[in-house]
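You will see chain A twice below: alongside chain B first, and alongside chain C after that.
On to the complex of A and B.
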């Protein structure tokens, strides 16, 4: 055995309390598996937020529609990376598509992911941006022109009929997309909820709880990104949009908290043989991350903040600050929710008589550095996407006006304009 | 040749033009055609990759390559099985099969012997030598079943080969179990590999002689206070050689301050004295 690994095992053994089986001392699912549902939840949540504007016609959310779609895409691209880093051999990942195994819930996730990425998200973004891409291309030069030509698949048609078709297509894909987004994150909950040997995970409520926490995390992430990008662009924040985001975040938080409470009360009332070890877990190893961070700081405090700001007559500057703080707290809370599920579920023995501890590595394939890198990567991808596909209202109108001017002008004038 | 083809091609073109002009069907939007091309490329790519990478017999029997079964069946067997050994070595196999090693196959120690079975004179199997082969099963490991005979190599007759004292075909212990271990064998075996191995049971458990006759009516004493462990493990305790009349000089006895260590708990709530992990 590797001496370094032996030293780690010995350090972990010092943390063990009670009776634990030998293969339970070290945790098998590391921080990377915490990041995976966190990222997937953000994708599903951001997409559901985008669909509020399209399907349910919440006009106040118009400024965040495209931003939410791009956020979902940026996080979706990174979502499988923690799994691949955890398993190793990412070059073999495509094999699950070649030999589909319908008996494996994890293998089927590949198809859910591919469906969501290719059929839902990319197509919706493509149809929504297509006409704009064609118009922007006219003023572009060099690499950007080529990139936008490639993304628009060489499309040229910006006739009213084509644009009308795009709108219809977006509408249709969004309607298909909502159950798909539910499927995507419900599925992550399903993977945990279906582990019947683990009383902390095994619950039919798991997919629903995951789904609502996804909606909460997605809305708050889009709120944060909208807030920060608008400030960076030195533009005015749309207060009605922020208010609408805050309202939806508030309602989603209430439902999320209710579901979590329902799950908790249900377990407490059932009082299966696992309840004692779960009690030790909640009030011992997970006290800080569950009771303090997840429930108090990540759920109750944001609910109070949002209610206080949304339904009172505070000045707008004050409201914005409160929304921002609440959204940051929600993100911290959701991350600790994922932590408590993934890490918490492995901290107690199957004997229900002992607890172990998780030692987070700093470097290495499953260490803190990789985790931080994977959390930063979506923002870098998002920054790139914002460059290529600016979601801002002004970018849209300016260039469309310009292109109209160009189509009306003579070719020589058009070239002088650009 | 070309001229003869030109006429029907012209006619076909004219027919298509006519159909286009005459048809009232809606045109397929160009966007869908562009996307369709992408999806078709991905679909065809997947199809070709399946053709190239998925083995022919994959999925015939289950989620694996069915031909792997036949490929494995064709491999040359390396193990003969103990029945084959019994044909020439009935005495050894019979001794083994009625001993504690009855579930251990001959080839677990002697290695794969199919070649030997087919050519007994020329190809001889391994004769295990030294301590290593036995230690594979009998060196101390916390995860082995309680009571399983285990040794700590450095402490158990170092350097001597196991077969000097133990017969591998009939590994009955060289000394028959007696005294406490006659009934408390599981504890005795754990204690034998623990730091408390040099101590007799009676150092801690004073047993009346009647205990051996009526064990339940005359129960031996158990330590019931912290100070008992403190006679060896308190930092103010006497030096090891003066303790209990046992030569403990080779051991480093863990010492603690009995007043401050462990609060109000008694020692055995945290430390199991018979276990090798007693500390």
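On to the complex of A and C.
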């Protein structure tokens, strides 16, 4: 047996207050399981933001449409990794696909994930980028030409009819994608919300709370990425886009806070058997991460900041700064939210008579280093995606110009399009 | 030797032996096999449960020890298939529960002044011990949530884990309202009480029941068989743990205090 693990259990046992069942000394879902809903939330939120532009025709969000899609993809690719790493037998993970237990919420993971990745995200990105990929290929050399040819699946047709079909396809997939994004993260909420043994998790509101916190996190993440990438490219930030992002973030935060408040008041008012231990939890072990970080710094402060900046006559530079700070705070708050759900739900005994402790390891399979790695990885993937599929307005091709160019280019493929 | 018994006759008689040997050789094993068939364990003919008489438990912890030995449960005090809890209810209504190392070495005495709460002037109203184990629920949440079906309810009513199939996701551990499951640190798979399935299918008692000096644990089958469990179930007021969870436990308690969760 791993002596480090045993030492950790001994330390945890020393921190137990009240009574816990002896098997509860070990806390089973670690930081990796905190990261998983954090990542899927970002995926769902970023996709819903992208769909605002496509389905609800919010034109101001045009500059972030493709960026949001790529962000969703980058985070989606990493999302199952913490789950996989957390399994006692990662090599048996495929059994979830081969012999799923139809009664298990978790068994549906593979199908929800595969549907979202294959049918929604990849298809939408492919149709949206197809014509551009064809054009970019003209100027590409070497590996990039091959990569883009592979990604476009060898497609060549950029006739107005084909481009029109792309548009329609994107529209259709987005419409399918919105309920799918709701499903993706609502489902993660259900995994926790349906555990009747755990009063901190067991709540019908859980999938909805997860969903709105996902929208909040997705919008603020895309805002941050848009902000940073634009500055790095030394381009001008589109202020009307930032204003629109800030507005949506503001509204989503209001709904999110209302739902959290509803959940809190409901619990307090019903005052069930578990209320005493949950009170100890909220005002004890979770006071910093829940009351201070999640609610105050992660929700209320950003709401005030966003309202102050969005609906006032501040200079643009000032506004931008405030939006940026608010978005950073929201990210910290959302990470705390995930922490408070996952870790918080395991800090009290199901005997409702005592509390235990979680000590984050530094190294090891479920340690801090792995967690940080998994949080950095999506950004590396995103950087790569941004190289292959630049989402910037200035990289786009106008479809009419494109077909002209193609007819010109037809005789000799190598001729330049610029 | 008779003159009539000639060589020809003798050889003819001798020829009867091989067929006779063959016939007997076949009948014997067939009969044995038929007899063995009736002895073979038939899970559909059994439906197991356990009774726990709280008023009989003296908190000696022999059951915890026996379980660890019989089932090769890791020695460390974080892994238990069964454990014993002690409840101390004070006159002011406060309840103190403990289970030092699952109660495997028994419990420190409370009666004298060396026990801190008593020393601090608290008066004890009542105390009792409660043995705990997997409830082998008829409606088991652990089985419901297992993504691959590695944990299942057997035909004879025992909830088991297939350790060759378990992926170690620990959803079952989260779903169990009773804290009856742990992750075996050696196999990295979920582990729990099996009612000593390897023993009961041979007609033996679970180890914890076998060693209990006061017969606080009663093992048997639900149904029309005349077992001690059936007698207990007929003659007592039965309670189960956390009935509001609708898990339909098959570990039945007598004299269970309302403080027990």
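Annotations for the structure displayed:
The criterion applied here is as follows: the second predicted complex is superposed on the first by the 386 of 418 C-alpha atoms of A that agree within 3 Å, B and C clash if a C-alpha of one lies under 4 Å from a C-alpha of the other, contacts with A are read in each partner's own complex, and residues count from 1 in each chain.
By definition in this document, a contact is a pair of C-beta atoms (placed from the backbone, for glycine too) under 8 Å apart; a residue touches a chain by one contact, two chains touch by 3 or more.
Since this is a predicted model, take the numbers as computed values, not measurements.
For the composite obtained by overlaying on chain A, chain B and chain C cannot both be accommodated without a clash. Look at A:103: by the touch rule set out above, it reaches both chain B and chain C.
Once chain A of one complex is fitted onto chain A of the other, the partner contacts of A:154 are limited to chain B, with no touch recorded for chain C. When the shared chain is aligned, chain C comes close enough to touch A:19, but chain B does not.
In the superposition on chain A, the chain among chain B and chain C reaching more residues of chain A is C. By the touch criterion defined above, A:198 lies against chain C but remains apart from chain B after alignment on the C-alpha atoms of chain A. When the two complexes are overlaid on their common chain A, residue A:126 makes contact with chain B while staying clear of chain C.
By the touch criterion defined above, A:95 reaches both chain B and chain C. In the superposition on chain A, contact is made by A:169 with chain B only, not with chain C. The intersection of chain A residues touching chain B with those touching chain C, taken from the two complexes, comprises 22, 95, 99, 101, 103.
Those residues of chain C whose C-beta lies close enough to touch chain A in the complex are 74, 76-80, 83, 85, 95-99, 101-102, 132, 141, 143-149, 165-171, 173-183, 185-189, 245, 261.
Taken together, the chain A residues at the contact with chain C in this complex read 1-2, 5-6, 9, 13, 18-26, 28-29, 83, 86-90, 92-93, 95-96, 99-101, 103-107, 109, 191, 195-198, 346, 349-353.
Listed in rising order, the residues of chain B touching chain A in the complex are 29-31, 34-35, 37-38, 42, 46, 49-50, 53-54, 58-59, 63, 142-143. The touching residues of chain A, counted against chain B in their complex, run 22, 94-95, 97-99, 101, 103, 118, 123, 126-127, 130, 153-157, 161-162, 165-166, 169.
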